[in-house]
Each structure stands twice: as C-alpha cells, then as structure tokens.
C-alpha cells in the first residue's frame, strides 16, 4: 500500500438536501462519495430519523486536501447557516491515491 | 478551516442499549451524536442485524479529547462487561471546534 | 485509555460480495468487523442503493497494521479489478488494543 | 355515538409515545403505508371523476384554489404582527395552514362514511388542488421579489414532490381505468384501506407525542394559533362549500380541508425554498396540535358547522 | 391429517436458512409483519371480550398469572442445579420459559381453527397476562434483594415494551370498538392474517436455522431442557385448563401457552434488567429448539393431552 | 381495448423517474413486495400442479429447458460478432435473455386474465425451469473449460438464490397444500396480488427511468438487440408452444417467457460467477429497454403471434 495520504471528509446533515449537496460536492471536483442514512442530535435538536423530514445522511468523500477545503467552504457558504450540519475531515491512507 | 483538532469517538454496540447509552454520553458533556444502524461480528459472536435483539448501532461523537476520555471510562464501567461493544477514537479537523 | 494504536480499515463495495468478502477478511486474521448499508458513486458509476444489485456495503475492520495490510492485498487481488470498491485506513486509539 | 376505531390507533400511538415505549413503525414501513394511502385516495377520486364532466367542476376548482391563496394571506399578518414571528417563519407557518393534510382528509372521510353522510366524490381532486397555492404564497411572502429567479425550481420541487405525484398519479390512473379497471386492485387499495390508515395513524400518534415536548419551547401564542386558525378556516371553507352548493357532507369536507394543516408536502417544499424558516416551529404546530385537534375534536365540529350552515 | 400450509412456510425458511440462501425478510418488513400480528391478536381478543363480563374471567386471570409465577420457579432450580448454569443465566432462561410466544400462539390458533376445534375467545387476554409475571420472577431470581431499587424502571421496561403495548392496545381497541367497530379494518387485520403469519413464519424459519449452529456450543443439557420443559409445562397448563373448566380447545391453548417460550418481550427485558445473563443462551433454546418443536410437534400433542384430560 | 391499470402504475413510476421526483418505494418495501409476488406466483402454480400428473408435463419441461439452453447460444454470437462485445459481456447478456423475468410474466398473466384468455395452469413451473439453464450456458460461454472447478459453487449460487427459492418454495407449498390448504392465505397472496403487483411496477418504472440515461453510453447496437432479441425469442417460444399443443393463451405465455430477460436471478449469479462482465450493460438492456418494451408493446404482440400460429 502506498502511504501517500488523502483526506476523508464527512458531512452529517439533513437528508432533504441530499440532491443539492451531492451536486455541490461533485462541482468542487470530488470523484465519488458514499452515503449512509443516519439519525442524531446536535445544536438544532433531535433528528430522530423516524420519517423523511427528520432523517440525516452521513456523506463521506475521499479527496485531496485541496478539494476537501473547496468543498468545505462552498458547503459552508451554501448550507451551514440554515441546515443542521456538522463537517469534519482527517487524513487516510488509500490504495491508488491518484484516483481521488 | 481552522485546524484545531477535536476527537471523533465511535462506539459500536447492541441497539438494545441505545437509550441508556445516549443518556450516558450526554451526561458526560457531549453536545451531539450521530447514529447509524449496523451489523457485525466480534468476540461476542455474530450480530446479524436481522431483528431487534441482534442489531448493532454505531454511535459517533465529536467532542474534545477530555470529554471523550470521560465518555470512554463511564461507558466502559457501565456497559463493557456485559454488552457487545467496541470503542475507538481519533483526532479530526472540524469547522468551529469550540462547538464541540 | 491506553494509547497504543490500531488501524481502522474501511472497505466500501458492492453488497453482492458481502459473504465472500467477510470470509476473506476473517481468513487474514481479523477478529471482527462492522457493516453498514450504503449507497454512493465512484469510478464505476452510481450505485443508488435502491435494490440489491445496486447497493453498497461499508465494512469496517479494527486490526493491527499488519493484518490490515494482508487484508488489503488479498482483497485487492481478489476483488479490486471487477467490483466497485474503495479501501482506506487510518490509525485509531482503542481500549485494549491487544483484542484486535 | 361510537368512536371510530381508527382514532383509537392514533390514541394508542400517542399514549405509547408519551410513556416512551420503543413502539414505532420502521421508517420504511411508514413510507410504504403513506404511499398506499396517497395512491388509494387519488384512485378513489379518479374513479369518481371518470363518471363526471370536468367542466362542471371548474367553478369549484377555481374557488378552492382561490381559498388556498387567501388562507395564508390571512394567517401571515396574524403570525407576523400578533405572534411577532420573523418574516420567514410567519410565511412558512402560513403556508402550512393554507395547504392541507391528507391524513386529516382520510380520517374525515372515514368519519362521514361511518355516519352514513355522503359527500361529493371529487373531493380528492379538491384535496390535490389545495396542496399547491399556499406553498406559492408562502414563498412569495417570505421572499417577495427575491423569489423571482426561483420559481422554476420551486415549481419542480412542488410538482415532483412525492405527495403530489402519488395523489395526482392515483387520480389519473383511476380516471383512465374507471371503476371496472381498478376492480382487480381494490383488495389492496380499497378493502385494506382502513387497516392501512390505522397503521398510519398509529405512527402519527407516536410522532405527535414526540412533538408535544417542543410545544412549551414555542410559547402560548403558537398554541392559540394552532387551534384558532383551523376554526376560522373551517368556517371559511364551510361557507364556501355552501356557496358552491355542496352537500352537507361535502361542506363538512371542505371545512375540514380548510382547517387542516400540511405536514408532508409543505414542510418538504419550505425546507428547500425558505430554508431560513425554522421547520420545527411549523411542524410542532401542525403535527403536535392541529392534527390531533382536528382528528379528535375538529371533524365532528366541522360536520356540525356544515349542518348548521345548511339548516 | 392435512399439514397446515403456514407451517410449510416455516419449513421453507428453515431449509433456505440451512442451505445458506440469501433469502431474508428485510428487518423492517419483519417488524411490520410482527406489528400487524400483535395488533390482530389483541384486536381479536378485545372484540370477544366486548361481549363478555370481565368479572367472570377474573378467576382464570388469577390462576393463569399464578402459573406465570410458578413456571420459572420450577425451571430455575433445574437449570441451576442439574444444568449447572450460573445464577443469572438460569434465571433468564427460566423467565423465557415462564412467559409465552405469540408466534406459537398464532400457529396453535390456526391449527385448531383448521380442525374445527373451538376455544375460549378470551385466550388473547390470557396470552397478555402470561407475558409479564415470569419476567418479574426472573429478575428477582437473578438479583434477589439487589433488585429492589430497580422495580420502577423494570415495570416501565416491561409495560412499555413493544409486544405488550401492541397486544394490550389491540385488546383495548377491540374491546372499545366491538365487533361492528372493527369491521372496516378486518380486511387487513383478520382476512390477511394468515398470509401475514405465513411471512412471519418464513422469517422465523430463517432465524431458527441461524440458531441451530449455536446449539452445539451449549451442550446436551440445554437440548433436553428445551424439549422437556415445554412438555412438563404443557401438562401443568392443560391440567389448570381442566380445573378452570375450559373447553378441550381452550385447554389445548392453555397447554400451548404454558409450553411456549418467549423470544420477543422477555429477551428485551432481560437484556436490560439482567445484562450479566448470556442472551444467546436463552434465545438459542427458545428459538432454535422450543419454537420449532412446539410448532411442528408440540401443538398436535398438546391437543391430544387436552382431549385425554377431558376424556 | 382497455389499458390494464397496473401498466399505468409502471408509467407513473417511469414519468416520476424522468422528472426526477423523489418518489421511491423504500428498498425494503420493494423487497417485501417482490417476496410476496414470487411466493404468490409459485403458490398459484403449485396449487394447479396438485391436480395434474407430473409425468404428463415432462415433455413440456424438457422442451422448455432445451429452449433455455438454446436461446443464449443464439444470442451469444450475435453479441460477440455483430455487437463486438468482449466475450464475458456477450455471455452475460446472452444469459439474461435466455432466462426469464418474473415481472413480465406477472403482467402477461394479468393481461390475459383481463381479456379472458385462459392458459395452462402449470406455467409457473415452466417459469421456474426457464430461470436456470441460461445461467449455466452463460457461465460456460464466458469461461469455457476454466469454469470446471466452479460448478459446485455456481449450482449453490443459483439454487439458493432468493428468486428460485421463493418460486420453488411457493410451488412446493401450493403443491403439498392444494387448493383447500391455501384458502386461508388467499387474501394476502391471491386477492391482494394485483395491488402488490401495481406497487412493484411503480418501482420498476422508477428503476427503468434511472437506466434510460445509461442507454446512450452503450450505443445503438444494444438498443437493436434489446428489442430484436425478444421478438426472435417470442417467435421461437410461440412456435414451441404450438408444437407442444399449448392453448392460444399458453402459447402466448411461452412466447412471453422466451422474450423476457432476467433482472433478478441472472444478474446476481453473473456478478459472482462472471465478475469480469459489466453488470450495468446487461441491466440497462434488460431493465431499461426489454422490460418496458415487453410490458407495453410486446405482450399484446405475442398474443397476436400466438393467435396467428394457432389460426
């Protein structure tokens, strides 16, 4: 395994913005993403996952640090103010880092 | 993005203790959490996720290293002996680290 | 918490190979794994999760760096060419690292 | 007078939510149940429409659409001035109350059927028509001229919304296929309807219970509004029903439609189009108060209003 | 004698589990199916209760509750002394066998109906009553005086459990609404019941197959117990049925209830209240052995016992 | 001639997919619906088989199995030479078209029933039999001698596949239980069948819409093949039906079976056994083109072919 590092960016947010969020992420140059359905609690209260309006998604993007930064700033500008959202990243070791 | 670091603590355990676990986590000062449904296998055997008693949850908490340590020790004391559980953490970069 | 470090290896791939993948992972010495259902997009196109053939799984394995490397190379040899798949790892802090 | 058992399912859900029972329909089951309900209501309306001339319904359609535009315009100043809500929140709540609730509709239809009170068969069409105008007014109230660039994407958001597609789709299928055409799918969509509605109401009870806690947070004015607005709307709806020469049952249904507040189509559309509005505020009012009020108290009352108007 | 087709679904599930077919009901579908079954059984009992006087049932209720207290007290020493299980495990298994299985109940009811054997209509009430006492005894056996602080939270755990809420809720709804009231929800809850039960048993077969592998791990004593205990319980239940002057069918049902072992309510309660007990141990016995034994062999046998007792 | 309403559900799904409505059956609900369909089709066939002698069907079974072996052998060179597909892709697509689609079968059965055209009751048996041979031929075409070590695991893969287990299991249960035995499960599996099929087709429409985009990617040849191959197969199937002295309805059904392309059993088996084949290619053809073509245009055509052959 080549140890060159790539960043894993994770965004947990409302599932109602899935389509727009994915568009935004791809527009910043991400080559892919993985989504899992989630529920949770945070500064905007309980999101129980029991029906559409109260469900979260957990989006993960493997990308270069530069793209991660672009995604973070765009997503923050577009969604952070009005939607329940947390966002974090950390470096990971991947196979074929050039893919991302 | 400010690069001050926060910790992401992950707990994989039996879904039957979800309510109690969340209470415990909040009591230690966590400001939020994210839950995804999961299945898996470990030292306590296969947990196939096929029905309530055999499902796992995967709980993620963004918090300071200090709170993570408090959560870990309390959760360990309360649940580790009798419930299927693994727990791990690693530092992540977050936007507005003071939020956690 | 002892701070000795273990690796968290994550594999996102097609759910149709779940059984074979788990066999492979255990054969390399992993003591456990956690699976969540996922969907996503990557070099092999959209995998919408809307039905069996288009669903992904997200498999996480806590293990030593050595075992992670064995898993990665075996999985890569067996599945990487023909199946939608990404694989990455990063070190984590665990309780009782000897368990993994 | 006997209490309709489907309401008992709502109460069961409510109670089990209040005592924090882990009882819940899985989200996916709740969605399946909703899909069947929406299709069934649409189908039923479509079948009836297939034996009516569309032109004869046009006056009703126009009047009802006008009501859908007017109700949020009525609610907005009350919320903004008396309730001191921020512009976006007032607009969003107003949109919820101008639109309709399919669950409330289904309970009212069952209630009237139980009593043997008939109503005009094209009510599902009016239900569909009432869903939309309030959303448009709501966005316009929230954004004013700033909304101008957005109408295309808003229109898409509204008309491709799950609720509208299923209701309209069911309506169209029923219309095309007619009574004989749908005979083979009756066992699932018509015969099992009340049972499916019972499951739906069970989960609605649980969801309502989960909203009760938030009520305190939002203060007394919201409670007044969530009860008072439906009453006012019901009188307007009932009066319009009379003007349109609807039967007693039809008048009661239109009063109920006016009184009901959306919790499916409007929240989804507002979240995207007016994201600065707090979604919890409008849902707490609509689901936590207005829905249970209408279902348990309002509907019989609106029938009385209709009877009194027709007397 | 013809084999009931719903059992064939159980066997199909079992076989497909054994050959490791990926066939499974999605967990959410299994939950939906369980919810419908529990509500339906409760409803059916409630409807019948609505035409009975509660006081006339009191003796039966008390006797059956006493049986629920006694069975785990009988099982515990066997498990602890003969089986050499740790205290917590013995207590937990005892609780499972003192309580009841709704799936087994449903199969027995279908079996008797197929044969045209009638039974007392308030059986679902006895089913609900039998769920609870064994849990209390189990916790007390496991913890003794140490349990004293916990009873409040245990009571909540038990009575807010999904199974109890749905059974009791269905019972109450059926009771209040009566036969006419529930007519509109019959297509889903009564007519489709056997089909839904078939799907439930299909998945139970798959789950049972997944438990068979664990049997080896726990040794021969558990196998003996999981077959022997139901037989002993069935005789006790049948004898009590005779004492209570139940019909042959009612006697067979009470024997079946006594013989059945819980796999929904008790595991959930024990996991929280007696976490030191190994849940896999009791589930393997209850699901992997006792359920298939009762369903395939036990029920016809218990009917024979009831006939023999009444002869 | 009236349009069957279940097709309208397919078109509704297709349209809502095309306008990118978020309408979807949850994956778990789609799976539940599929399970009910597969069991119901199997059950129906099994019940009919219980009143037939198996030996009298043997000739048909053998001929149909031979057709399942022959069709992919016919398709493969066309795909490989004319279509210039790599060996694995050509083999995989050929396997899809040699096998059958249960959804298409159900629509055809409903179509004929609507028209009052009867067909041989053991068609579900032929459906099951046709699922398998094409898979074997496909693997052999892709791997040649290299497949030799794999047959055991392939056989397991095929026969433990969800589709086959449910169809065969339903068939066996219907066969054993007979007409009277399955009476109690009829409301769910038979009466509600068309409604469940409507939900299934709704989701199939959505899935089909999502595949339409990929069509461009794969070029014109695939389009030609996905329409042309069913037509050729239908003629072969119809001709064999005539040779086997099937009724007009039975001939139309066999033509439809031949014309239909798998999208459940074969993709799953090919993914594991011939992983080097691009699954998107065969699914796009089978789901994005052949399924809608058969369902909307093909089936009536195949009935005409059957009538013409019998004329």
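Here the chain labels run A, B, C, D, E and F in written order, and each chain numbers its own residues starting at 1.
Methods note: a contact is a pair of C-beta atoms (placed from the backbone, for glycine too) under 8 Å apart; a residue touches a chain by one contact, two chains touch by 3 or more.
Since this is a predicted model, take the numbers as computed values, not measurements.
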{"item": "Those chains which touch subunit C and also touch subunit B", "value": "A"}
{"item": "Target subunit F, source subunit C, minimum contact steps", "value": "1"}
{"item": "Farthest chain relative to subunit D (centres taken as mean CA coordinates)", "value": "C"}
{"item": "Chain whose Cα centroid lies at the greatest distance from that of subunit A", "value": "E"}
{"item": "Distance from subunit E to subunit A - Cα centre to Cα centre, in angstrom", "value": "46"}
{"item": "Separation of mean Cα positions, subunit D and subunit A [Å, integer]", "value": "34"}
{"item": "Rounded Å distance between subunit D and subunit E, as computed from the means of their C-alpha atoms", "value": "41"}
{"item": "Contacts with two or more other chains, residues of subunit B listed in rising order", "value": "36-37, 49, 90"}
{"item": "Subunit F, residues touching no fewer than two other chains", "value": "22, 26-29, 31-32, 187, 192"}
{"item": "Every chain pair in contact, whichever chains are involved", "value": "A-B, A-C, A-D, B-C, B-E, C-F, D-E, D-F, E-F"}
{"item": "Residues of subunit E that touch subunit F when the two form their complex", "value": "2-6, 8-9, 12, 15-16, 19-23, 25-29, 32, 110, 114, 187, 191-192, 194-196, 198-199"}
{"item": "Touching residues (chain side subunit B, partner subunit C) in the complex", "value": "12, 36-43, 49, 56, 58, 69, 72-73, 76, 80, 86-90"}
{"item": "Subunit C-touching residues of subunit F, taken from the complex the two chains share", "value": "24, 27, 30-31, 203, 206-207, 210, 214, 267-268, 271-272, 275-276, 279-280, 283"}
{"item": "Of subunit F, residues touching subunit E in the complex", "value": "26-29, 31-32, 35-36, 156, 159-162, 165-166, 169, 172-173, 176-177, 180-182, 184-189, 192"}
{"item": "Subunit A residues touching subunit C - in the complex, by the definition given at the top", "value": "1, 6, 8, 22, 31-37, 62, 90-95, 99"}
